[in-house]
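Chain nomenclature is as follows: A, B, C and D, assigned in order of appearance, with residue numbering initiated at 1 for each chain independently.
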Amino acid sequence: MDFLIPESLAPKLEAARAFLIDEVIPVEPDMLGSSDFYAVEPKLKELRSKVKSLGLWLPQGPEDVGGLGLSVLEHGLMSEVLGYSPLGHYVFGCQAPDAGNLEILHQYGSKEQKDRWLGPLAAGEIRSCFSMTEPDTPGSNPTELACAAVKDGDDFVINGRKWFTTGADGAAFAIVMAITNPDAPKHGRASQIIVPTDTPGFELVRNIPIMGHAGSGWASHAEIRYDDCRVPQKNLLGGEGAGFLIAQERLGPGRIHHCMRWLGICERAFDLMCQRAVTRKIDGDKPLASKQTIRNWIAESRAEINAARLAVLDAAWRIDRVGFARARVEISLIKFHVADVMMRVVDRAIQTHGALGVTSDTVLSFFYVHERGARIYDGPDEVHKASVARRILRAYEEKA
Amino acid sequence: MDFLIPESLAPKLEAARAFLIDEVIPVEPDMLGSSDFYAVEPKLKELRSKVKSLGLWLPQGPEDVGGLGLSVLEHGLMSEVLGYSPLGHYVFGCQAPDAGNLEILHQYGSKEQKDRWLGPLAAGEIRSCFSMTEPDTPGSNPTELACAAVKDGDDFVINGRKWFTTGADGAAFAIVMAITNPDAPKHGRASQIIVPTDTPGFELVRNIPIMGHAGSGWASHAEIRYDDCRVPQKNLLGGEGAGFLIAQERLGPGRIHHCMRWLGICERAFDLMCQRAVTRKIDGDKPLASKQTIRNWIAESRAEINAARLAVLDAAWRIDRVGFARARVEISLIKFHVADVMMRVVDRAIQTHGALGVTSDTVLSFFYVHERGARIYDGPDEVHKASVARRILRAYEEKA
Amino acid sequence: MDFLIPESLAPKLEAARAFLIDEVIPVEPDMLGSSDFYAVEPKLKELRSKVKSLGLWLPQGPEDVGGLGLSVLEHGLMSEVLGYSPLGHYVFGCQAPDAGNLEILHQYGSKEQKDRWLGPLAAGEIRSCFSMTEPDTPGSNPTELACAAVKDGDDFVINGRKWFTTGADGAAFAIVMAITNPDAPKHGRASQIIVPTDTPGFELVRNIPIMGHAGSGWASHAEIRYDDCRVPQKNLLGGEGAGFLIAQERLGPGRIHHCMRWLGICERAFDLMCQRAVTRKIDGDKPLASKQTIRNWIAESRAEINAARLAVLDAAWRIDRVGFARARVEISLIKFHVADVMMRVVDRAIQTHGALGVTSDTVLSFFYVHERGARIYDGPDEVHKASVARRILRAYEEKA
Amino acid sequence: MDFLIPESLAPKLEAARAFLIDEVIPVEPDMLGSSDFYAVEPKLKELRSKVKSLGLWLPQGPEDVGGLGLSVLEHGLMSEVLGYSPLGHYVFGCQAPDAGNLEILHQYGSKEQKDRWLGPLAAGEIRSCFSMTEPDTPGSNPTELACAAVKDGDDFVINGRKWFTTGADGAAFAIVMAITNPDAPKHGRASQIIVPTDTPGFELVRNIPIMGHAGSGWASHAEIRYDDCRVPQKNLLGGEGAGFLIAQERLGPGRIHHCMRWLGICERAFDLMCQRAVTRKIDGDKPLASKQTIRNWIAESRAEINAARLAVLDAAWRIDRVGFARARVEISLIKFHVADVMMRVVDRAIQTHGALGVTSDTVLSFFYVHERGARIYDGPDEVHKASVARRILRAYEEKA
C-alpha cells in the first residue's frame, strides 16, 4: 500500500494548481456575475491557449489526439485540482460532456466520424453535447427511453424529446440516444447516433432555467425536440443496439472525473471557510475561528473530504487495474457518498460566511446552486444505493 | 389544552387559502421566470385589489389603519397560509419588511410621521425598507454597528454602509439603524431614523446578487451607502438610543411571522412531493410513491412539520399571553428549528422531483435558493443556539 | 387554541413530580445496580402505598376500579412526569403491560373475568403480561402469527412460541394472542385469551438478555413456550377473531403513554446534561457550559423536545376528541419521531458526561440500553413510516 | 498510489480471519452471556496456544520479544481482522491496554524493568493496566491530573484516585500517571511509574458498572485508590516528567489499532445486517432485503466503512513514513470519524434485526453497549475536533 501521488504526475498537478489560482480564478467573477457564457468565452479562449503552451491541455485525452494520456487515477487527481474553479475543466479541455464524447468517438468512431468530429473536438475548436435524458421517462432507467430513430432509406429519422442536454446551445453536434431496435432485449434497444445541430428537425426548445438560471453556451442545459430529424445511417456510433453499453462504459471514468471534481469543489469551499474563519472578527477582535461550532465544521469537513477522496482514488485505481465492470460497486458507492459530502461542506462554508455566503460575491453560492444536481444526474442517490445493495447482497444470498 | 383553530378565524383562513390557490399561484411563473419584480407588479396590484375587496387585506395590521387586527397567534396561522406562495404575503399586504415598519410607525411614530408614511404604507401605495445589517460588522450583534448619525443643526447627518436592505429598490423611505450615542451603554447607542430614499446621500449601490439573482423592486436586497445623508432630527423614531429596543420588539412577532411563513413553504413543498410521488411513473407503471425511501421522506417530513408548527403556535400563544420578553427562549428555539426543518423538507421535495426539481419549472428551486438565508438572517442558527442555551442554563446555575 | 395545562390537573402533576424527586429517584440506584427486580420490590411496595395515600394511584385507570379516570391527554401529561424515573410508572400503578391489560379487561372482560383478575390488577396485588410478539414471525405484522389455539371440548389448546413477553416472570396471568380462526380474513384470525401462568404447558423458557441484562420480575422480557397449554374457552376476551382489533385499540392510548414517558426521559436527560454543564470544570475553572458545542446540544435538544411534546399532546387531544381511528396518522408520526428525539437527547447527555456517561453512576446509561427498543417495539420506525405515508398519499391519489 | 494489501501480509491476515471464524466466534456466547471473564479464561488460554502454534501471536510486538514486528500499517490491517470478534485481540495477544504497555516497556524500560515485566507480558502470562484517567479532572486534558507521586527516601509515595483503569482486576502491575514535578511547565509535570498491584495502598475500589455491567478480569474497568502507595523510584519509566510525552507516543499507534478494530466491528455488523436481510422473511415470503430502507443502510454503511478505512490506513502509512508527530492531524481526524461511522453502522444493524437486535443473542448489542465509549476515551470527539481545527487553521492564519 502506498498513498503517495505518482512522482511523474506531481509537477503537472502543481503547475495546474498554480495556473488555476493565478489565471483562472481571477476570471470567475465575469462568469458568476453574468451567467452569460458567450460574454466570458473570449477570455476562456486565451486561457486555453496558455494551457496548451504549458503542455497541460486535454489531460484525460489519448496521446494520439493531443492529450496527456493520463490513467483514470491520474486524471482523477488532475480533476480534483481543476474542480477548484467552476472554469477549471473547461479551460483545460476536459469539460463534460465533451470529455465523454471524445472518449466515445475515439473508441467507437469510424474513420470518417473521427476525421470530421474528433480532431476539432480534441483541439477545443467545437463543442458537442450528449442527448440522453428525457423529461417523461425516468432518467434512472435508460432502458425506458421514448425517443426513437427509425430507418428510412439510408437515413435514421429521429423523433423525441430530450432535456438536460448540457451545452447543446452552441454545440456542433449531439450524440443522441434513441431506440432503434424496440423488440430487442431491453439493454439492446438503444443506439447512439451523431446528429449535427444544424440538421433540420433538431430544435433547441429552450435552455432550461436551473434554479432560475437559463445560462447559455457551454453553461446551459437544453430541452431539445427531435422532429423528423434525418441523419445518414453512417452516423451510428459503435453498432446498432450498443447505445446502452457505450453509455455505461462512458459513465465509469466519468464518475471518477465528477467525484474528483466535486472533491476539488470541497477543497475550494474548505479553503474559503477557513479563510473566513481566521479573518472575520466577531465580539470585538476575536476571529470567527475562535468559535467551537466553526471548528467542528472544519474538523468534520476535513475528515469527510479526506475519507471520501481516498475512496474515489481507490475506485479509480481499481478501474485501471481490473476494469470498469469489476469496480461497479465502488463506483456506485462514491457517486452518492461524495455528492453528499460536497453538499454538506458547501453548506457549512456558506453558513460560515453569514449573509455574504448567499451572495454571488463568493463562489460558494454558485456551487450551492449548480451542484445540487450532483445528487440527481448520472443516477440519483436512491438508484445507486438500491443497485449497489443488490450487488452486495448477492454474495450473502449465495451463502444463505 | 385545545388545539382547535379559533372559530372566528377559520373562515378567513379558508378564504385566503382558496384565493392563494385560485388566483396567486397562477401568477407565480411570471415572477419565477423573470426575477423582475416590476414586470409582475401590475398583476400583483390587481390581486391586491381583490384581496381588499374580500376583506382580507393587512391581516396583521391594527384596525385603525385598515388592518384585521389579528393577534400574534392568529396572524401566525394566516402567515402559514400565505407562505404557500412566495407572493402570498405581498398580495395580502403583510410582506417583510413593510409589515415590521408599519408596526414600528404605528407604535412609535409621531403624528407627523404617521400622517406622512403610515397611511400610504398601510394602503400598499408605497413600500419601505429597514436598513440595519452592515457588511463589515457582525449582523449577529447589532450593538457593534458602524453606521453613525451625527447631529448638525436640526439634522442628523448619516454616514455608513448597509447591505441586505430588503426592498430598498423602489421604496419610498428607509428606517435606518445608526449610532447616535456612541458613549452610551452598548444597547443604548443606536437610534432608528426615517430616511426618504430621495434624500441626497442615500445611494443604492447595487441590488446584491443572491445565488446569482440580483432581483428588483420588492424582490431585491440592496447595498446602500449613506454619504453625508442629511435628514431632520424629527425623523427620529421612538427616542434617541431606543433603536436596539425597538428592533428587538419588532423581531418577536416578526419571527412568528417568518416561522409560520416557512411552515407554509413546508406545506407547499410537501404537497408537491406527494403529488409527484403519486403521478410520476417508474419501472413501467408503478408510481414513485411505491418506493420506501419516498415514503420515509413523506413520513419524516410530516412528523417534523407538525411538531415544528405546534412549537411556533405555542410561542405565538405565549407572546399574546405574557409578552415578547417572557417568550424569548421559545422564539429563539423556533427560529433555528423551523428553518432547519424547512430546508430539509424542500431538499427532499427537490430530490423527489429528480432533474425537474432543480429547474424553475416548479417553485421548489426558488425556495431552495431564496430561503437558504433563513438560517442566517435575523440571527444565524449558531447565535440563537448559544444565546438560548445561556438563558436555559441560568436556572441550573442558580440551583448548582 | 390554548396551550395551558388543565387547571384541575396541574396540582396532581405537581404532587407527582415532587414525589418522584423526593421519594422515587433515591430508590433508583438499587434497581440500576442490581437488575434484580425482586431485591427492590419491597421498597417499591412501600412507595406504592404512599402514592395511594396521596390519591395519585392508577392515574389512567377508570374510576370504578379505583383509578383517577384521566383522559388520554391528561394521562399523557402524567406519563411525562412519571417517565422522569424508570420506576415512576410502576410506582403509580400504570406500568406497561399491566396498564394496557387492565384497559382490555375493563372494556372486554366478562363479569367472571373481571371478578377474578381486574380487581387485583387494579390494586397492584398481581401482575400480568401480554404475549403477542413471536421470534419467527415479523412482529411488524401481527396478522402473520404462528401461535395457535385449537378448540378441544370446552377448552382451547394453545401451542406456539412467544418472546418479549414483558413482565411474564412473576405474572399471575398472560393475555395471549393466538390464531383461532385460520380461515378468516387475515385481520379476523387471532383471538386474545387469558392464560394463568400456572397452567400446565405455560413454560417460561428464559428471561431474554437485553443488551446483556436478563433482568427479573416486572423488569424482564420473557421467551415463552406454549406446549399443549389448555385453558377453558370462557377465558376468551371480547369475541373470537377480535384479537387484532382489541390489540389495535390498546395501542392507541398506549402509544401516547409511551411517547410521553419518553418525553419524561428526555426531560431527565436534559436536566442531567444541563446540571453537568454548569458543574463540571474544564480548562481550569471554566464550566463545561462555556463550550459552544454543549450549548448547541442544549438548544437543539430543547427545541426538539418542545416540538415533539406538543405533537404528542395534539395526538392525545385528537384521540379524546374524535377517537383513535381518526388519529392514526398522528399516532404513527409521534411513535417514530419521539423515539428518535429521545435517543438523540440521551446520547448527547451521555457525551456531555464523558466517561461518567457510560457508567451506571447516572441513569443515562440505563436509558441508552433499555430504551433503544423504543424504535422497534410496537412497530419499528420503518413500518410506521411506510404505513403513515400510505395513508397520507391516499388523499393525493384521489386528487391525481 | 497502490491500494493493494502487502503481499507478505496477505496470508497472515487470511489465516487470522479463518481462525477468528472457526475458533474464536464459537466461544463468544460464553463471554457475552456471562460478563464473567474468569469463566471464559480457560478457553481463551487454549485459543492463545493455538495462535502461538500458528505463528500469529503478538502481531504488533517487536520480534525480539517474540512478536511479528508488523509496521503500524500492517498491524492496522491485522487489527481490522481481529476486531471482527470482541475476543480477537485478546486471543492474539495484542489487546489494550497490554499492547500499549508492552510498547512503553520495550522502548523506555530499564533492563531490570524489562527482565521482570516485559517477558511475561509478551508471553501472555501476566496482564497489566494503565492508570491515567481520573474521575475529578478532565480526561480530555491530562495536564490537569491530581494524582501525585512524592519522593520519600528511595521511594515514590503515590496518592490519588483513578478510574477507567481497564483490566486492573487481575493485572500484575499498573503503569500509573502521576504528578512528580508540579512546578514544571504543564506538559512536563507527570511521570509514568510501575506499580505492582500487590503493593500496599493500591486499592481496587470497584469494577465500574458500564451500562450496568461491572465485568471482571481483563473485561473490566476499575476505580482505584492510591493511598500512600509506596514503590521504589527505580520503577520510574523513561525519565521524570516524561509521562505526558510517553502517553502521546503510545496514543498514536494506539489510535490506528483502535480505529482498525472499530472497522473490524463495522465489518461484523455489516455482515450480520446483510445476512439478516437475506434470511429474514417479511410479508409472506419476501426477504427483508427487498426493502429499500434496508438497502439504503447497506449502501450507506458500505460507503462510509470503505472511506473511513482508507483514511485510517492512510494515517497509518503516514506514521510509518514520517512519524507520529507529523501525522497528528490525520490521527485526530480518524479518531472521531471512525467512531461515528462505527456507532451508526452498529445501530443500523441492530434496527435491521428488530427485537433480536437488542438481545444478547447476537453480538450487536455487545458492540452497542461496550463501544459507545469509543467517542469518549482517548479524547472525546469534541476535543479532537477542536484541536485538529486549531492545527489546520494555523496555516490559514499565517497566510491571512
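What we mean here is this: contacts are C-beta pairs under 8 Å (C-beta built on N, C-alpha and C of every residue); 3 or more make two chains touch, one makes a residue touch a chain.
Predicted, not measured: the structure shown is a model, and the values here were computed from it.
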Chain hops separating chain C from chain B, counting only touching neighbours: 1
Centroid-based (C-alpha) most distant chain relative to chain A: C
Between chain B and chain A, distance of the C-alpha-averaged centres to the nearest whole Å: 38
Separation of chain A from chain D, taking each centre as the mean of its C-alpha atoms, in whole Å: 43
Cα-centroid distance, chain B relative to chain D, in whole angstrom: 52
Shared-contact residues (touching 2 or more other chains) in chain A: 291-293, 296, 382
Residues on chain B engaged by chain C in the complex (per definition of touch): 1-6, 73, 271, 274-275, 277-279, 289, 292, 294-296, 298-300, 302-304, 306-308, 310-311, 313-314, 317-318, 329-330, 332-334, 336-337, 382, 384-386, 388-390, 392-393, 396-397, 399-400
Chain A-touching residues of chain C, taken from the complex the two chains share: 291-293, 296
Chain B partner contacts - residues on chain A that touch it in the complex: 32-33, 35, 133, 135, 138-141, 144, 163-164, 208-213, 280-284, 291, 293, 350-351, 354-361, 365-366, 368-369, 372-373, 375-377, 380-382
